[in-house]
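In this document, chain identifiers A, B, C, D, E and F correspond to the written order of the chains, with residue numbering beginning at 1 in each.
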Amino acid sequence: MMALKSFALIIAIFAVVTSISHASDPSPLQDFCVAINDTMAHVLVNGKFRKNPEHVAADDFFSSGLNIPGNTSNQLGFAVTGLNVNNFPGLNTLGISFARFDYAPYGLDPPHTNPRGSEILVVVEGMLYVGFVTSTSGPNMRNRLFTKILHPGDVFVFPVGLIHFQLNVGKEAKAVAFTAFSSQNPGYNIVANTLFGSHPPINDDILAKAFQVDEKIVDYIRSQFEWDNN
Amino acid sequence: MMALKSFALIIAIFAVVTSISHASDPSPLQDFCVAINDTMAHVLVNGKFRKNPEHVAADDFFSSGLNIPGNTSNQLGFAVTGLNVNNFPGLNTLGISFARFDYAPYGLDPPHTNPRGSEILVVVEGMLYVGFVTSTSGPNMRNRLFTKILHPGDVFVFPVGLIHFQLNVGKEAKAVAFTAFSSQNPGYNIVANTLFGSHPPINDDILAKAFQVDEKIVDYIRSQFEWDNN
Amino acid sequence: MMALKSFALIIAIFAVVTSISHASDPSPLQDFCVAINDTMAHVLVNGKFRKNPEHVAADDFFSSGLNIPGNTSNQLGFAVTGLNVNNFPGLNTLGISFARFDYAPYGLDPPHTNPRGSEILVVVEGMLYVGFVTSTSGPNMRNRLFTKILHPGDVFVFPVGLIHFQLNVGKEAKAVAFTAFSSQNPGYNIVANTLFGSHPPINDDILAKAFQVDEKIVDYIRSQFEWDNN
Amino acid sequence: MMALKSFALIIAIFAVVTSISHASDPSPLQDFCVAINDTMAHVLVNGKFRKNPEHVAADDFFSSGLNIPGNTSNQLGFAVTGLNVNNFPGLNTLGISFARFDYAPYGLDPPHTNPRGSEILVVVEGMLYVGFVTSTSGPNMRNRLFTKILHPGDVFVFPVGLIHFQLNVGKEAKAVAFTAFSSQNPGYNIVANTLFGSHPPINDDILAKAFQVDEKIVDYIRSQFEWDNN
Amino acid sequence: MMALKSFALIIAIFAVVTSISHASDPSPLQDFCVAINDTMAHVLVNGKFRKNPEHVAADDFFSSGLNIPGNTSNQLGFAVTGLNVNNFPGLNTLGISFARFDYAPYGLDPPHTNPRGSEILVVVEGMLYVGFVTSTSGPNMRNRLFTKILHPGDVFVFPVGLIHFQLNVGKEAKAVAFTAFSSQNPGYNIVANTLFGSHPPINDDILAKAFQVDEKIVDYIRSQFEWDNN
Amino acid sequence: MMALKSFALIIAIFAVVTSISHASDPSPLQDFCVAINDTMAHVLVNGKFRKNPEHVAADDFFSSGLNIPGNTSNQLGFAVTGLNVNNFPGLNTLGISFARFDYAPYGLDPPHTNPRGSEILVVVEGMLYVGFVTSTSGPNMRNRLFTKILHPGDVFVFPVGLIHFQLNVGKEAKAVAFTAFSSQNPGYNIVANTLFGSHPPINDDILAKAFQVDEKIVDYIRSQFEWDNN
């Protein structure tokens, strides 16, 4: 119960700080295009509205807090502190975003995709086991898994849209990584949450058929994400 | 056993006919750029090499067979007949591809992503229950599921990179759909196969933690995809 | 007279249902960006304004009616039922659109361009003679015509911006095709209407010189499109 | 007869010097990417192969001859001297090209499209009547013609893919213009030549139906372009 | 003093007429998207808002004045008359802009970058010495300078983002050039002004260290640009 | 003398490890497109050739060494350890690159541009004074300087193509930062080196006029970069 709450908590953190993203954003059409909050109820644009350049100041291109560890007291033992166009308005039109990842011992950034951005990761502390899986079909492709053990100073890149993960393989040590994304808003889709924690839930028979199991197992897995269905 | 083989079969079909794909491909730099098979062992390019335009003929822009139902005798009751740049060279640089989807009664196009393309689908025959799930995080987003029942002539669009599915809800009737993708090679990543059928397999502890289940359940699910691990 | 009216009618249909389109639209910057009607008199954007994501529902990604034949009782014996961002708001930023083409016996989709999108077409019923013409100049190019006879299940692709056409070669049978475009708004420019039916008309001497004929012939052709000049 | 030959001549000039082009070419991935001639018989790429940067010299970014009037002794009284990636290798990946247009008195750049580029034109000498036509369909669009008389120093822009033309309205004076295109290879498709001078010819019945005339008129117009069919 | 004022004047001219620009702007999503002035105080977009297409007229695609020499009575002996989306609304979304350059004898377009556009230049009158410098690092690169003497009718291309210049090498003759840019708003950054004339000034120690000189020389150079600091 | 050599050394390091950069690279057309060394003397492409996907391994997506401080014993007191497509082949087509910056006390990353990429920087250790300057012209722009003092965990973003710098303001402490770029090859152009250390040198009169100083000062500054001219 406790665990579920803390898991919900990390998702809540995601909801506030992340929504990270991807690769070939539309190019800038002026020196900068600092975003502003959406102040009109009925109209929005692709991306963000632009702040009056007369009012732009250095703080619009500035953010802070990546020296502070995220709270990893949750089921995954993982926390994202993300900087993207939603909380860092100067990134608008610049095609890049950034994040700090904290891992408790055995902490996991679970299998997920960034639908709109490639990701490059550097390990700052600890030891990570990382991997991504290629597409199901296509010439020379049959869901190949590429993995690597990373130490501090090591760098790995995850191609846009592919399912990937990182696991802290330190038994007792925490781990820290910095990551950058080739979009101002790459997106973050945890596969398990997407399938078993959506609102409303995906029908049992679809998940049972997809995973080739009976619906009881689907119900059981879903119950792990139930807090997320309310 | 039989079922596993037939499931493997559909994947084999995928491997031959699909590798469908997505959204903002590089633009053409001439009227057309018909692809050729990669004839040099050591060098390839992003996308495909170009056929000598003097040798290009109408057949390079032509393909056939979408009138023939795919073989849905597999566990999913589903078959893709896909046309993309890998088997339809005239699509190179044009930013579009096409497919026919066949569904047995209760046949399922399982939850998957197209990492490089949005998808638009029109129902030709039967009745489909379709849906996609939004990102895990970001303002106003918490894995919302959007679903719809579709009848012949109905059209639905799945945004690039998001997990989506279609289920034939006809008890006894088959279903048929045509789909197009905003890429010459959108990719096709079935979530279950990617997680439980990769080569080599993803470690049990990662999947157990991701789905919040114990490793026995992970092993059980993986066994359903075992044929795919060899 | 009757014919002219019915031809005007098909154009009116175009004006409502089409404005189909093309290839490397700006990429999405969030999961989706459903369009809304332009509610402010004085300002618009490139593409469309975005609906508040809180108000987005499955119906925004849905359209219907492609099971209903278009009315081909016009001079061309042809009707387009098009779905693009102007009448299908969920397509906004997704780089794709769709259409149904109906052809009476000998019905013609006349020579035209889609200025912003490549087009892929699958024949559902009947037999089509299709073709496109390459550029006037450039290495290895001298207005080459590529043509093909298509039967049900056959697929053909027309590269972005090139003049192309389809003719139903069935003497008594109608024909039906589905097409997709690599843009949310590919555009549809019928060459004859553009040259002889514009508002206001193009000067006689320009058309006479362009087609190497005298102005009487220009006037005669223009009279065929006169309804369109009012 | 003479006229036809000279008209063929201007097209031949096109074939050598033009193949001008358009708007959102793929971006450069290094400081420059000077093109080289295609030296391998069987493989080409989208765009051009790249010269070894060690061998690149200032002359690769240089061209000359735009001070020399083109030969306008042809039926149209018009000549293009175009610089694009096919004859100016330094333009490769830079998304721009250039041309000089010469007009005899009443000379005409006939209705045409640039399928891959917008065009901006400045009048250097003489007086031009210029125009373009909008799409056939779409909200607020019904083949609207926009025209303007231009004098030296005046500038006009033609949006990508739309049919446009320029006519020298000077009775006895020649005219000269410089134009730039938003592509390294925008393409140049003269409508009349594409429809009536293609190889092989487009069927009479298609053109007759498209222009709402009988086939005799089609045959007559085609005869004006016959030299171009051989 | 006089000279400083006239130099300030040319910059003032820049501020009004230029802000020229670059290469892979977002593509159009309709036939055209004429810009309007930003009429709302608090919201802007990437690029420009769009004028109601019903109100668009030929004049939106038209500009004039490139027959009038710019005023070169300033320290550089140089003047830009630029047409970009800020003063030519029809260019919006079309990925191109244009300018006239006037040079007094020995007039200089000083070393600068266009951060968002490649530039192509044709000499109309006089003799120019032009050049650009490649990147500081990278394989095969060590700040190579490419230069060329240009005469009327000669054309040169400057790749996006690289530092370049033109000098009128005529002792007594003025020079004139036309240039086009692969963006609707390429930007114009004079290196000397950016470093020594910014508001507020860049710290002395940074410039002293960057140029490997003592701060007195920095102060002296800055004094030349002092008018620009107020 | 010693200093000059060590300055040359840092440039040599640049030449090997960097060539960092940029903004809207062409999108991938398959899951990944690992680069290979250019093995053919005469042909290259925009970007890189692609490794046979059968031979691709996890190490292609991996690099190391960002835990090792760069050697800052040079005139600038600054070192870049850069990872881009030239030394990290897995980055090809992914639109992102990465670097570690080391600063000695008062070490300076001198005013420079990245012509093809925006840059996001996080301070890991020490205290940096950072800034960038906007364009010389355009509405609301007159070379505005935006600056900020950064501490560990602080983040700053530099828009593509604009001149920017970082200075370690710690009197005795070194500083370390990680940076990411929105391109696989953003480019790195130090302004001082580009102007005063190019090969061959830029003419004295151009630099004297650009900086409004006499040629003796130009010669003096150039002498500081003389080692770089050989």
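Points worth noting:
Everything below uses one rule, namely that a contact is a pair of C-beta atoms (placed from the backbone, for glycine too) under 8 Å apart; a residue touches a chain by one contact, two chains touch by 3 or more.
As the structure is a prediction and not an experimental result, all values here were calculated from the model.
Where touching is counted per the definition, the chains common to chain D and chain E are C, F. The set of chains in contact with chain B as well as chain D comprises C, F.
Overlaying chain A onto chain C using CA atoms gives a rotation of 120 degrees, to the nearest 5. Between chain A and chain E, the centres computed from C-alpha atoms are 40 Å apart.
For the pair chain B and chain E, the distance between mean C-alpha positions equals 48 Å. Averaged Cα coordinates give chain A a centre that lies 28 Å from the centre of chain F. Of all residues in chain B, those touching 2 or more other chains are 23-28, 30-31, 45, 47, 53, 115-116, 131, 135, 138-139, 141, 160, 162, 185, 187, listed in ascending order.
If touching chains are joined by edges, the resulting network of the protein chains shown has some other shape, matching none of path, cycle, star or complete graph. Contacting chain pairs in the structure are A-B, A-C, A-E, A-F, B-C, B-D, B-F, C-D, C-E, D-E, D-F, E-F. Chain contact summary for the complex, chain E toward chain F: residues 11, 14-15, 18-20, 24, 75-76, 86, 106, 108, 110-113, 115-116, 129, 131, 133, 135-139, 141-145, 160-163, 165, 167, 185, 187-203, 205-207, 209-213, 217, 220-221, 224-225, 228.
On chain B, the positions that touch chain D within their shared complex are 26-31, 33, 36, 39-40, 45, 47, 49-53, 92-93. Touching chain D in their complex are the following residues of chain E: 23-28, 30-32, 53-54, 56-59, 61-68, 83, 88, 90-91, 94-98, 118-120, 122, 124, 131-132, 134-135, 138-141, 146-148, 150-160, 162, 178, 180-182. Contacts from chain B toward chain F in the complex involve residues 21, 23-26, 41-48, 85, 115-116, 183-185, 187.
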